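Shared between the two complexes below is subunit A, which has subunit B as its partner in the first and subunit C in the second.
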Partner chain A sequence: MLRALQLEPEKCTGCLQCEMACSFENEGVFNPAKSRIKVFNFHDQGRFAPYTCTQCDEAWCMHACPVEAIVVNQDTGAKEVLDSVCVGCKVCTIACPFGTVNYSHDSGKVIKCDLCGGDPWCAKACPTGAITYVDIDSTGLGRMRAWAQQGVPSAASFNAPMEKDVQTYGQAQ
Partner chain B sequence: MRHIVIGAGPAGVVAVEHLRAFDPEGQITLIGDEPEPPYSRMAIPYYLINQIDERGTHLRKDAGHFDALGVEVLQARVTAVDTAAKTLSLAAGDSAAFDKLLIATGSSALTPMIPGVESDGVYRCWTLADARNIVRLAQPGKSVVLIGAGFIGCIILEALAASGADLTVVEVENRMVPRMLNDTAGGLIKKWCEDHGVKVLTSTKVESIDQGSGDRPLNVVCDSGEAIAADMVITATGVSANTGFLNDSGIDVDQGVVVDDYLNTSADDVYAAGDVAQGKDFSTGGFNVQAIQPTAVEHGRIAARNMVQGNHHAHRGSVNMNVLDTLGLISSSFAMWMGVDGGDSAEVSDPGRFRYVNLQFQDDRLVGASTLGLTDHVGVLRGLIESKVRLDGWKEKLKQDPTRLMEAYIARTQALGHNAYVR
Partner chain C sequence: MAWANKVLRVNLTEGTVSDEPLNMEWAQQYLGQRGLASKYLFEEIDPRCDALGADNKLILTTGPLTGTMASTGGRYSVVCKSPLTGAIACSNSGGYIGAEMKNAGWDMVIVEGKSPKPVYLYIHNDDAQLLDASAIWGKSVWDADRILHQTHQDPLIRISLVGRSAEQGCLYAAVINDLHRAAGRSGVGTVMASKNLKALVCRGTKGVGNVKDPLRFMQATEDGKRVLRENAVTGQGLPQYGTQVLMNVINEAGAMPTRNMRETQFEGAHNISGEAMHEPRKSDGQPNLTTNAACFACTIACGRISTIDKEHYTIQNKPEYWGNSGGLEYEAAWALGSDTGVDDLDALTYANFVCNEDGYDPISFGATVAAAMELYDLGVITQEHTGGIDFKFGSAEALTQAAELVATGEGFGKDLGLGSKRLCEKYGRPELSMTVKGQEFPAYDPRGIQGMGLAYATANRGACHLRGYTVASEILGIPEKTDPLSTEGKPELVKAFQDATAAFDSSGLCIFTSFAWTLDDVAPQLDAACEGEWTTEKLLEVGERVWNLERQFNLVAGLTSKDDTLPKRLLEEGANAGPAKGKVNELGKMLPEYYTVRGWDQDGVPTAETRQRLGLA
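Right after this comes the complex of A and B.
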């Protein structure tokens, strides 16, 4: 059964353990700048949002690659960068509309989340359950519902009521 | 069904793969005129610096890939298309019949109209064969003049600079990469190149390439009066669509092959894809030649589908975008980076560190962007533009700090925080 990372921002405290674990496991250093998962900070609202590649079906990065350096791992469903093939042309970094493929100056290649081969360290490091590795069918619906719920006010506020003439009936002019 | 695809670049290769997926029984032929297996021009700069071998440039690494797909790969040059008889003429004199045809012949480097451009020692950098010549000749101590500082010129700069040759770049426009970046960003790239020991002459035209005197065989004369003694000259002054073989076909050609929303040309059963096609632009709804890898792939996929299943799959338009590495300085541009009428913009610049972000808005949406020195999450610019997401209050936040792109995208597309009611 395929599994996916489920990210729940409302449980995130911004501790950045996930970034530390990711950079250490994948790059051998404790350096959040090299992490493939990133916690975005909405400081004026006191909120945090962990965000990384969703291993999307469209796989814009994989299709845009001119040299076949991004491939699907048949066991995990992850789209993985083959370092030995990647030339560092960066086309995938602009093709991914989620912004989750980054170029690394150090290696001259691109890096993205590969689910750590099926045992993602960010999920293991997260102390609050904001990042979990779960059955792929159980992700998504809750988030879609939540987005739909919070989407209403902004849509309504954008369509301000139009001014109308007031019409009165039954009175003599 | 007999499908023929002319052109073995990314658009053609993606097309034959999709043709096979949609039409398991059909006969599929891929015709390319270069002697190499299908390869990527995108990878040539990395071949030039010995980061990869020739095989590293190949679009598909498995030698048996096309055989396994049941795709016949033919090395031949197509000289004419007869849309009524549905046949192609090949340079060798024979012909080939098709039911559906895809034109994916790409583009070629233009040779600038400069006296002396045909001299020995003047090269283009377009094909793998050109690249081999340049690798052989660019040596430490040699003087190399690059004419044209557009996308192609800039991307091969690194290889030329790394060869140890003395390098001079001559660009007719007032800045580097004028079709991708504005004055500020183009100016910063110029300064970056100069800091890295490359001589850059902008707003300068090459008048002629004369025979040199002394050790250097060539003498490049500029309209400024300056003359540069050179061992090698490389021209990178733009490309044009390969449509010459269609002259007598009756197929409409403008900048490139004219296509409709289905990538169908003016002739029934003939489609076009990639750099040769004047395809739909996401931002303007108009049709232009984008000549970029992601668009070529999108075209190849959609054209193949329509060839097999009929014209039911409309192309919604591709976002024009580019990413460029000039001697290690990375720049990118997206869609209407130059701005739109009635739109507004936000800009942040740190010239000392070669950082720059420019965002272009129309009403409540992002419609274009260009960046310098930004490599993290840069793709989200495409996401914000192509999803046409309303920025709501985030437009003001982006105007104050244009680097908060990911926050804007996440806040406007995801449920966040304690009011999300997720159990």
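Right after this comes the complex of A and C.
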């Protein structure tokens, strides 16, 4: 079964454990600046949102690379950068519509999420379940369930399933 | 090693910056952050110096676990001599700036002297510069933060700032970071502003890559996170209600200081509680609380992110306050609410926003407003003094106007910026000031929680709940329940909490973990990260050493055992309601024994034997 990272911003608290886990696994250092996943803080709205590579099937980065340094890992579906081939031309960083491929000044190569070979550390480190690693064909299941619940009599209120407190604090309630 | 092993020394008088290695011999004795910076301060300044003079130093300091994956490993402290108390000040904050300093490769920034003109410190990894602050001097924290982000064109910089209150000399001004986290107490922001230093702007991309045993560290931190997750307080209560989980609990215990501590229960407590922050309001159906939020690396996430009701009188015509910002935590809700008799949640949230926006401590502010309200109630001050404000207990308008005045230091705000002690002295009624060593009480009445009376009286930075939180034992039963109305065993309990807390505060971790963790949970994390052997026993010894060092600082600064006391009201007037009704705090029964337990003589001075045991000169 192929799996994908599922990001649920409404559960994110902005702790950056994912960024440290990512940089530790990939670079051996606790360093948000070297993380392939980033958490954004929308202060005025009181919202945090983690964001990283979605592993497009027809990946722009992969097709744009002039030296074929970005390849598909058949086990995980991840588009991985081959450091030994990458020449640091940065064309992929331009091609990616989502900004999730970035250049690393220290190594002279680009870096992007590679799903940690099928065991993504960001998901393991997330304390609230805002980042999970789930069946790639069912990433919408949780949200479908939440909306479906609205049709169930006695569901609390129309907006409730999307509200973070219901999801995060479900156990306590 | 976990320490960055590098100190940035900034001489504002000369306008120079230089780096030097961290004193690793001291790090083995004082660990980091609170302990290590206190050691530097004690060695480098004369504790008798003028806190607002060029001779005082301001140290911004991280701990060895700051910037790591250890849960809550993002703390930093601001250490200096306090202008409010004349004692040592050490204020701790979360948010992201501490980790950013560490990621830039610095354990500590020591700020010396005084700049001839306003400057700010810009750090980008090894590069540190003093830059002209004329564009942000005179601006609020929030305005200056926005201007600095624009100036540097870098959304990823983290910033610590002082606001207008600090510039105007408010004696309890804070250093605010990340817009709404605060090194809040004892006027550390006032000291920063007195040096003409407006801000620390930091960007660090080096990270923390030198922990001693990475694999063991990851296992130890994972074990720690599991303990936090499975604990009822850190796993459920704090994420859901924040520290505001305490409002109803403490009120029921009859330990809710109300109306300048005249009373011990507040009839409006529910209206300003954590539960009330979840209730939808009439105007837009939204609750006060938008979400909980974490500081760097924290897996608890007790922070509150809130909005004020757009229809509330405070912000009806001020769209700039319509967004989210740091909401009420228990101490702020108590000080701004119960202590002033105001139970208007939106007014409290607004006052709290203003405290953050212009950088001052809501505890000292609320308690000073409460003292002023009592002076007004007694007719000692009138509208002539308050600038026409009807300063009566329970008035939300008086509270929010007072907040605006302290923010800018205008009118009656000047008086309120003095703090409760100097305000009450100024108007001839010093006994109405609810302070120890000049610092205002936090949210636990020591008549209903006896151990807290001793903890307040002996706290090295003046009245404070974060120096020995025996509430955990006396009310919450952590690690085991003791009778809050009894003095039995409290001297030992207070000492144990004080020493353990000093160790937590020296590590880079948040003291709130101690609802679930003991030092047995902390030691394996430190031991896997830091050079040397770090056991629970060693940490307790570090904690006790830090406590005694702070005490020595204060003794040299001129404080004596006479300062280890409580206001007459708490020692002589019985609690008016609740389980402790009729009780006073029996400090006299506890203090002599505490000195003995500490290995101090009956003047509160550490004996030669104690100093020798702890390796203090």
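Remarks
One rule holds in what follows: the second predicted complex is superposed on the first by the 139 of 173 C-alpha atoms of A that agree within 3 Å, B and C clash if a C-alpha of one lies under 4 Å from a C-alpha of the other, contacts with A are read in each partner's own complex, and residues count from 1 in each chain.
Just so it is clear, a residue touches a chain if its C-beta (ideal position, glycine included) is under 8 Å from a C-beta of that chain, and two chains touch if they have at least 3 such contacts.
This structure is a prediction, so every number in the text was calculated from the model and none was measured.
After superposition on subunit A, the partners subunit B and subunit C are accommodated together without colliding. Using the contact criterion defined above for the overlaid structures, shared-chain residue A:45 touches subunit B and also reaches subunit C. Contact with subunit C, but none with subunit B, is seen for A:30 once the two complexes are overlaid on the shared chain. Annotation for subunit A, partner touching more residues between subunit B and subunit C: B.
After overlaying the two complexes on the shared chain, residue contacts for A:17 are found with subunit C alone; subunit B is out of touch. After overlaying the two complexes on the shared chain, residue contacts for A:128 are found with subunit C alone; subunit B is out of touch.
Once chain A of one complex is fitted onto chain A of the other, the partner contacts of A:88 are limited to subunit B, with no touch recorded for subunit C.
Superposed on chain A, the gap between subunit B and subunit C at their nearest CA atoms measures out to 6 angstrom in whole units. Judged by the document's definition of touching, subunit A residues 45-47 lie at the interface with subunit B and also at the interface with subunit C. Put simply, subunit C touches subunit A in their complex at residues 67-69, 71, 96, 99, 103, 156, 179, 204-209, 211, 214, 218, 225, 229, 236, 239-240, 278, 290-299, 301, 303, 305-307, 323-325. Every residue of subunit B that touches subunit A in the complex is listed here, in rising order: 10, 14, 40, 42-43, 46, 51-52, 56-61, 293-294, 297, 301, 321-323, 325, 328, 330, 332, 334, 364, 375-383, 386-387, 390, 392, 405-407, 409-411, 413-423. Those residues of subunit A that touch subunit B in the complex are listed here as 8-10, 38, 40-42, 45-47, 49, 51, 60, 63-64, 66-68, 85, 87-105, 108, 142-143, 145-147, 149-150, 154, 158. Taken together, the subunit A residues at the contact with subunit C in this complex read 13-17, 20-21, 23-24, 27-34, 43-48, 125, 127-128, 164-165, 168-169, 171-172.
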